[in-house]
Amino acid sequence: MTTDLRHRIARRAAHDLPDGAYVNLGIGLPTLVAGHTPPSREIIFHSENGLLGVGPPPPPGAEDTDLVNAGKQPVTLLPGAAVFHHNDAFVMMRGGHLDYALLGGFQVSAGGDLANWSLGETTKAPAVGGAMDLAAGAKQVWVLMEHTTKSGEPRIVERCTYPLTAPGVVRRIYTELAVIDVGVELVVRELADGITFGFVQARTGARLVAVK
Amino acid sequence: MIDKIVPDLAAALAGVGDGATILVGGFGETGVPFALLQGVVRSGVRNLVLVSNNSGVADKGVSQLLQLGRVRKIICSYPRSAGSVVFDQVYARGDLELELVPQGTLTERIRAGGAGIGGFFTRTGVGTELTRGRETRVIDGQTYVLEHPLRGDVALIKGELGDRWGNLTYRLSARNFGPVMAPAATLTIAQVRRIVALGDIDPEHVITPGLFVNRVWACDE
Amino acid sequence: MTTDLRHRIARRAAHDLPDGAYVNLGIGLPTLVAGHTPPSREIIFHSENGLLGVGPPPPPGAEDTDLVNAGKQPVTLLPGAAVFHHNDAFVMMRGGHLDYALLGGFQVSAGGDLANWSLGETTKAPAVGGAMDLAAGAKQVWVLMEHTTKSGEPRIVERCTYPLTAPGVVRRIYTELAVIDVGVELVVRELADGITFGFVQARTGARLVAVK
Amino acid sequence: MIDKIVPDLAAALAGVGDGATILVGGFGETGVPFALLQGVVRSGVRNLVLVSNNSGVADKGVSQLLQLGRVRKIICSYPRSAGSVVFDQVYARGDLELELVPQGTLTERIRAGGAGIGGFFTRTGVGTELTRGRETRVIDGQTYVLEHPLRGDVALIKGELGDRWGNLTYRLSARNFGPVMAPAATLTIAQVRRIVALGDIDPEHVITPGLFVNRVWACDE
């Protein structure tokens, strides 16, 4: 997916975050969301390694190796930020204190199951990090991902074939084609410019319905 | 813009209603949010369940709520102490349900409530009447008892400094239950001695990060 | 018991605390121990309400209502002290980080059971505080108490008749008559000046043995 | 007199032996006690079990221990990351036992180990292969899995300031696992950037109280 498309997805998701939301951004595509929140809103970003109120990256040369985010990239702190230890960072997740976790995804099922931590390879070691904690703990889980795999296989499926991160947790999916709410049904809330419902359905492995 | 600062006591306590379970910070008289409790008294709410280490001294705070018959049940570790005259009377009359919990188990149950822990095993209280009939388990040759999380509809706590994002500091041993209770309630309300500008509290010195706090009210107490 | 006798017990126990010990003093008689530790030793006192490195009481007029100990009495902090929240205070207890808990007692059994929180009254409300946490969690529990009740009944007994605080936890007992180690047997380690073994045994509800 | 300050690396690591379970602080490269790990490398100890969020990057610290075949098992949440070349090789050879734990469960298990908690129920990982076959329980309609405490013989952590009582502060996000691991080991060793006099750290700003720390070693890293 092009950088432009990735930013478009991130911008679209950022637009839906309300003022005052506490948000954790997963590594990869979701990280881009921070750069697209409307300036009129205060969004407080949480990092699993013990930061709340994460600001933009520092200017080149001003990096501090003691101040990084979950992706180990240098960050800054906004006025009002707080630093805490790792356990408190996960109390925030597991205790349901984060309003939104915006995560990447390999697959999302019609029932909201999320697979985003392992491709089920047996030769390489698995690595889970905070993915399961976020998926199980945040008040709302939104997934930002490409609509299909590089080879064109749907990522939105009846049942995930990759190992699950958490069952039944995804509430919304943002792709380059559509915004889809996950509930009793998969409801296409919005189509990208020039994209038809049929185009999206043809690239989706589960039944979609149009928003009423 | 996030602004958790409320202008007055009424705004601080809006929505605190009959039947609420309220976590009340403090140890003895230290760190008790007396001004908020005074507001609860005035609001007239009743049928409350209080979670508080002590049961009030003299005739203010928790004592006053007890005296006025507003409390259905109290969950605490040390209800009887010097000056807990009101509690003693109300309890003797049989007008109050008491759930007595060892102090470390009380704080750990509240911590679990805020941390999304469904239950935990502790050795505290094993072999005593406070855990009689409860589920136990032998782990590595030691007997543990299963304890359950405790949450509040409301937490009333007392901080030292607060800002508009809800970040809090505490002063000395007035810290006690505040940081433990703040994450464990649906609505966490802090009275603080002083409101400061965002950024005035060093991020490394924040004790309760703002996401655990819903309202901050400055009160000269 | 006279103030002098109480201080004598406290002084005797204080003498046995090694340099560098982390100690919690129960309310009542054990509190007096702080005033009797040899100046050559650094003993770090813990308070259940979130203090480590508790110092002596402040001079009159210098009390700070935000700085109290477990007995709600005003205290001071020594250089090197730390302030923490209630949960961390009990992590220190429950997690076995305190070397000694010096507690008062109503009864101690031959097997080291401790009863010190309730007289089993049914009209008055019970109150437990941190007694059970300390008894179950400290590396060593020492009990400081009068050897008998006011009416002369032994407090050291075969089996406690009062409700237990914790079973099998007491390692040593300090009374105005003797210092007694609790192990497979109750070993009288030391007798107070002018006190005979027989005198102590006659006031004790369980079999004592003399130290070898 | 209490003096937990040790003069050199050898004194810091005295008694760390073969077969030890070592909790290693840090997240990525931030807050990792590299100088202490370098000492462990030099000491030649082997057959280690490491508990560490990551599995090392490049060729220092945990990576170096892995490369030298000193590690029997690693318990971590995110072993594979950019630069974890050594881990990938050693793991592919089948020379290393890996216990993969979700990060929040890892930190909570270590916390339980230090807090005297015998086990706890969490929703994290339920319905995934990481908890397959494990004891679960439905609490208030939600499924939880039982998790066990995790302790170390040794904890190696990195602080910012330290004093002779063992009190520690940390710098920014280098705090991460330090305060969680310090209470959970029999022998907790901290490398700090600067030793300060007793009392120089404000009691309210102490992050790890000294009773959780056995040795403090100043190291210009």
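For clarity, chains are labelled A, B, C and D in written order, and residue numbers in each chain start from 1.
Operating definition for what follows: contacts are C-beta pairs under 8 Å (C-beta built on N, C-alpha and C of every residue); 3 or more make two chains touch, one makes a residue touch a chain.
Remember, it's a predicted structure, so these values are computed and weren't measured experimentally.
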item: Set of chains adjacent to chain A and to chain D; value: B
item: Chain located farthest away, centre of chain A as origin (C-alpha); value: C
item: Whole-Å gap between the CA centroids of chain B and chain D; value: 32
item: Centroid spacing, where centroids are CA-atom means, of chain A and chain C in whole angstrom; value: 54
item: Chain centre separation in whole Å, for chain D relative to chain C (CA means); value: 35
item: Residues within chain C bordering two or more other chains; value: 77, 83-84, 93-94, 137
item: Junction residues of chain B, two or more chains touched; value: 108, 115-117, 122-123, 170-172, 175, 203-204
item: Chain contact topology (line, ring, star, complete or other); value: other
item: Touch relationships between chains, expressed as pairs; value: A-B, A-D, B-C, B-D, C-D
item: Interfacial residue positions of chain B with respect to chain C in the complex; value: 27-31, 53, 77-82, 87-88, 91-92, 98, 100-105, 107-108, 110-111, 122-130, 170-180, 207
item: In the complex with chain D, residue positions of chain B that touch it; value: 108, 112, 115-123, 137, 139-140, 142, 144, 148, 169-172, 175, 203-205
item: Residues of chain A defined as touching chain D within the complex; value: 47-51, 64-68, 72, 77, 83-87, 89-90, 93-94, 123-133, 136-137, 163-167
item: Complex interface listing, chain A residues touching chain B; value: 19-20, 22, 42, 44, 46, 52-53, 77, 79-84, 88, 91-98, 137
item: Residue numbers on chain B that touch chain A, as the complex places them; value: 1-2, 114-117, 163-165, 167, 183, 197-199, 203-204, 206, 209-212
